[in-house]
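Okay, got some structures for you below.
In the two assemblies presented below, subunit A is common to both, partnered first by subunit B and then by subunit C.
After this line comes the complex of A and B, so read on.
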């Protein structure tokens, strides 16, 4: 299907350009190894680049991610393929892998694009912006987001009407509708899987009204509303643009819940909800923020103090999981729950509800190798075969796992795990 | 301070409960329950009591009787702790707790007791008939019907009827009194004005007759106060049929068990048709539901649920057959079926009404009645 075929060899293939994959690639490259980083999305940076701030330090997330991202992009030993997918990996022997990667056409010559956004202005097609989690629109010819790397345009061919307006507007004539997929045949000595996680899809819990009630949003949407590159430039509720003043967090949406097939704790929701609550206290000084929880799991370094800080700031913590959400005519929401401390069922009115969605595995992992070779755990995360002694090791020698591909974890743990994976990969490569 | 009794859960499992220890106290069950309100929030509290084995709190609670098992809590329980089935098991358990004779517990937890008592009671009827039955005449009435009252004169049967009704009332009423002691008298120091027992009495009657709480089951999110689900309709049809039949055989046996063959528009036949239709429809409906496990409430069947349905089905079918054989002038089939009919009917009523499943007919409205009285008394205070 691909017209052009490139062949090349590298010391390591890193699958996934999020914070874990990026960190692993940097470690390898800084130690003199040649790395190819394959990212499915149009930009590297993963989910972290879209976040507002990080817990428990409240540092700006983009301010940590972007320098790292540009370091990765400029590194002479790292080759980045964005908009690309690993189709197949075969282990031929020790230190000897063969991988097939497809780079999907972007319909823009990356090297010529200056990111001037004139194509964006010219494009007449407006669709939902997936990088703002569908809260605003974008064009079919677009720069993914302002801090994307590479910051070059792409054509969303699914929605493009092929009107040619962008081609005319482009000053460097870099838009090329004739682009086709490119195949890369890679010879490798090790592989690091850093495919990350997916967010739980709250449409699966109808009781919470997501998708039907406009003022019920996910925590990732709230993350965007709070980020410096936010869509409305302030926190507004999507239903009518009102500034919310009674916000509620529904913890454990899609985590610790057998009915949706995810009985495990997602490990990050308590803390990111507490973080967002603190940020909301700053963004909306008059607002009341209530967090409905089963248990607050503030287990990491500095987490308990962070939780106490939120309570000190006036965030309201209520023990009891939300059972059902219904909508009033004015778009406000009624949350029904049992107050566990009082043993009484209660209803509370809020004008905006944030579902703290959990972490689920990325189904891509299973498809890289021939069936069954890469062992997965019961929740379809990559199985760590020697969890205690060698946490980055997988069921295939020379294939290592970094970050949330192996299970839910927060950013510091992802970076630690990337360090482990890259060191294990290096010793594997050197050992010969 | 109550002491936790971790073994209590094991004994509750004999009444059908599942692994309710899996509960992590999120309260989803209570929040999705349409019948939970600020006065009475359940089922999580009952799960908690059961986990801790707080018998006194369970014995004095009306909450199990306020649940009509829509199954929403079990469907949405994130730990699959099956709170709805726990509530069902607690109802079975409470039935055995109110029963001071201890028979209820044996019947629920031992198959030997359950089937043994059915057999003994059936044999008793058989023996009574062997010795006391009237002549088995093949002579027919002028209308061509069997002379059933010659074989089993209604006046004699009625004596047995009254003895049975007396025993049923004695056991059931004493159990209800026991329930009163546990639920109402538990509130030590609470003064209940006598007047309240009368002013709140309408609750007992209304809830017995309409089972309107049942129709509120699973209405959350629909915006409606009541939904007349097929479950409610069928259950009400069954309940009213049973009540009519019970009244006819206990109070109007001479009128009901007649040798006359009336026109089909005669009330004797109309009531009979209504009641048998109700009993048959109900029994078949619940049979099919339990067999197909079509919804949450039919998924888990205790052995006593099946026994109840089988006995009720056999009673109804033999009752219909007696009528058919009698009208069509078939003496021997009529006599034999009549004996079998009573051999099923007697154990069913004796076991189910005071000691087992059927007692919920009384316990549910009484629970609401007691609860309203106590709530009203507390308000005065």
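After this line comes the complex of A and C, so read on.
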């Protein structure tokens, strides 16, 4: 149980420190409201901070996320709790919410850590690095990633052997194994849910071989391979470290697929796959990239032009669904697919396959309020109860939704949705 | 001057350091005059590095910093804030762009890139040696916003701004509010109709005393700038008294002998010169279309509320910020495009939506029953370069083939049309019996949860066909029957023909053809000709014209939800310009040396922002700069024959020392 209890009050609680939550928090704070931003992860920045470049402008994602992140983190009207979970929210009345938040122990005193990484060097334990999507290892005493905010160490207590090496190495003596969870009791005037999305788990589609065939990776793993802070400093296939030269994208992995219970379209996979294909053509000039698709959905501003550009660069687009993937002895992969243009079943050999995994809802949303109060849609995204006139409204007055917590959307749409949520929260607070 | 400078050179992950040897750059500049410390950093913009910089400045009492990283467009404000947090005047920081201008541009020449980076950093150091501390220009900002366009986006933004306590003037060119949404009866993914939605928002507007609604109102002049815009608005009267008797008005409408095409119904019907678009439309009384009125006086005979003495007037609107929500036009196919205006049973999607709204028990068009409907997708969207598509169009006595040319300027996808037409097709099938829907697509784009509608339509038995790229379907009239023919991808290229009673061209969104408002505000447009935002992700509702925000479909195709999201975002942004009552502006502007100026007027001609005025100063005519309009673009500098103008922070002396640094060691 929590050792310390803090009480405080804010104008708004923003749940989730990704790009949507961050934008909403900044909008509120810049207009003079006090915000508490609660992030489950050890750093704010959400998924966007881990991406390579973003479509269709090919801006470096870290470069446009980090200034926002640092603006949020140093804003005098925003309080950030990382590694923290919203346990329960109760609405007492208009402009009157109570929330209980638990900040899990980091076992490092954040204010004293300088991010020197000496603990990381000293730690003898190596486990999979979740921020590199398990493609490389990290220590049990670690800084989450190089551009994390806050950029301070944390101890992964589940894997830590309590050997004490980090404590000895730390020059500021900020490692503290006696830390306990802290409870925050907050009174609030409004709530913004910006809990984002989860990626579809490709293990659910056994015939694609993910998890068994090493050269079948997810699009998020490819995103990391292409990012400036990438794990191998080049694009390699994980099976044998070979530089791939025949890459295939399998679109709609876990989207538009009733067999996995997700009939909706994830809205972003076509475009991020096209973007990765363009980046790969740059990173691996000799490589062929093939995208297997049902429909290409390049619907946003500049998207169709971006798709045309990829075709012009020589990306090969094949209309057809992948039936199954099998592995050859050398690690190459055979894709069996229906070629719609020719109306025949074909097989093609590739040396690396990227599964363009879709967007699924974040299950955390169901637990914030007492059962049923916060209405969810059939896919467990937060239900937008006034979709046309007030897209940020939910079934609870004063609780608004921003970004992909309400359904799949790309970054520009998430940011506009966050703008709507913060706008509604502001007028809700002011209106009385 | 003795300076103590800090220089930071960024790797930008690998974006810079993959091509520029950043350590070499550091070594080349660390002994330059005034440089106290030079460091390289993985991400200069990261929180940790920013903290380090603040510590460096404080610990070493630095009085100037140079950051060499990406374009200042991204991070100028980030590093200015760093300087401020360290107690350093932010104009003592100078930026060097070694990503866009070096590593990305010269990825083929690493040695050359490093050389160039060294010179750019040296010139930035040279400039910061001369940097002076500056204070921002503070101007008052009027707490009021002018919203232009009372469609869904503008109405929604007005309500939100009003609720934040900001007075709003909502300016609508038409005599009725609601824009395109009022014309759409059925709206996808909810059960609301366009009329219901508009009525609800109109009621919300009417309830708020701080919203002034002007209809029949067109902005004809714009002066001023952020914080203090003055708009001249021409208001056309309705020629009907406000307190009118509705029964008599209907009799007046019946009495009017004039019939003109009805814009509201996309010209598939006619209306009178005294009209309302639909009963209960807002504002709830009709209007006389004075352009088409013959002044025959028939209406006056039956209705006492008619008042031809009403005069057009000009209203002045003052606001601290202007929010643009001017919407879109539906693509208007050219004559003969897939048979439009060539065959009488070819209509556009907006016309089709009006047809299903107007039909009651049976679906009919021009007196004929409709059973088979063919929908041709992407008309006016995803167009190709001229010559890339087959033009078609041939005719004999009894056989006529329409043009199927899909070349044009509109490369973009209009994003709303797939879902909109599928939704309309479903509703048509539900409402009218014996309707068969045939969709001639270019690949369905029902993104997100809209996919469920596509699934529903498939289950209802709609037939989906898909054409090959550059081989669009053809529309043929033979023996009085209209056929749509396609080489269908879904059946491996089989030629499939459908006899259609009605052909619906699924037309996309195009920018408003009437572009006067954009020229009044000098709003820039993107390559798709919609209004352009500053940055799609960082500043999606702001424009390069300070104080003017954009939202809804004037920025690019959007559905209603997306429009409203952007409109609320724009409302927040506009509110932030006016909420504090004052604004801080950049002090980097032109400065006139009154002693040197001889007033020739050349600077005034050169200024793209109308910031230069002639004033009399001590009996002498000289140029004066309007501080809140000048953007420091420097256009006036080179045209001055007596060199009387200098740019703050970019003085001749500063530029010369930069040029010297750039030219150093170059033989």
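Note that in this section the second predicted complex is superposed on the first by the 432 of 432 C-alpha atoms of A that agree within 3 Å, B and C clash if a C-alpha of one lies under 4 Å from a C-alpha of the other, contacts with A are read in each partner's own complex, and residues count from 1 in each chain.
By our rule, a residue touches a chain if its C-beta (ideal position, glycine included) is under 8 Å from a C-beta of that chain, and two chains touch if they have at least 3 such contacts.
What you are looking at is a predicted structure, and each value in this text was computed from that prediction instead of being measured.
Within the superposed three-chain model, A:323 lies in touch with subunit B and out of touch with subunit C [touch as defined at top]. Of the two partner chains placed by superposition, A:137 touches none, neither subunit B nor subunit C. Contact with neither subunit B nor subunit C is seen for A:171 once the two complexes are overlaid on the shared chain. Note on subunit A: of its two partners subunit C and subunit B, the one contacting more of its residues is C. Contact with both subunit B and subunit C is seen for A:340 once the two complexes are overlaid on the shared chain. Residue contacts after overlaying the shared chain place A:252 against subunit B, while subunit C stays out of touching range.
Once the two complexes are overlaid on the shared chain, A:207 sits against subunit B while remaining clear of subunit C.
Across the superposed pair, subunit B and subunit C both touch subunit A at residues 256, 263, 295, 340, 343. On the subunit A side of its complex with subunit B, the touching residues are 207, 252, 256-259, 263, 294-295, 320-324, 326, 336-340, 343-346.
Residues 27, 30-32, 54, 57, 59-60, 62-64, 66-71, 73-74, 115, 146-147, 149-151, 227-230, 233, 256, 263-267, 295-305, 308, 319, 340-343, 377, 379, 384, 387-392, 407-409, 411-413, 415-420, 422-424, 426-427, 430-431 of subunit A touch subunit C in their complex. Chain contact summary for the complex, subunit C toward subunit A: residues 12-15, 42-43, 45-48, 50, 70, 74-75, 77-78, 81, 85, 152, 156, 160, 163-165, 187, 189-190, 192, 197, 200-201, 382, 411-413, 415, 443-452, 455, 489-493, 526-528, 530, 535-538, 540-541, 555-557, 560-562, 564-566, 568-573, 575-576, 579. For subunit B in complex with subunit A, the touching residues are 24-33, 36-38, 41, 44-45, 75-80, 220-221.
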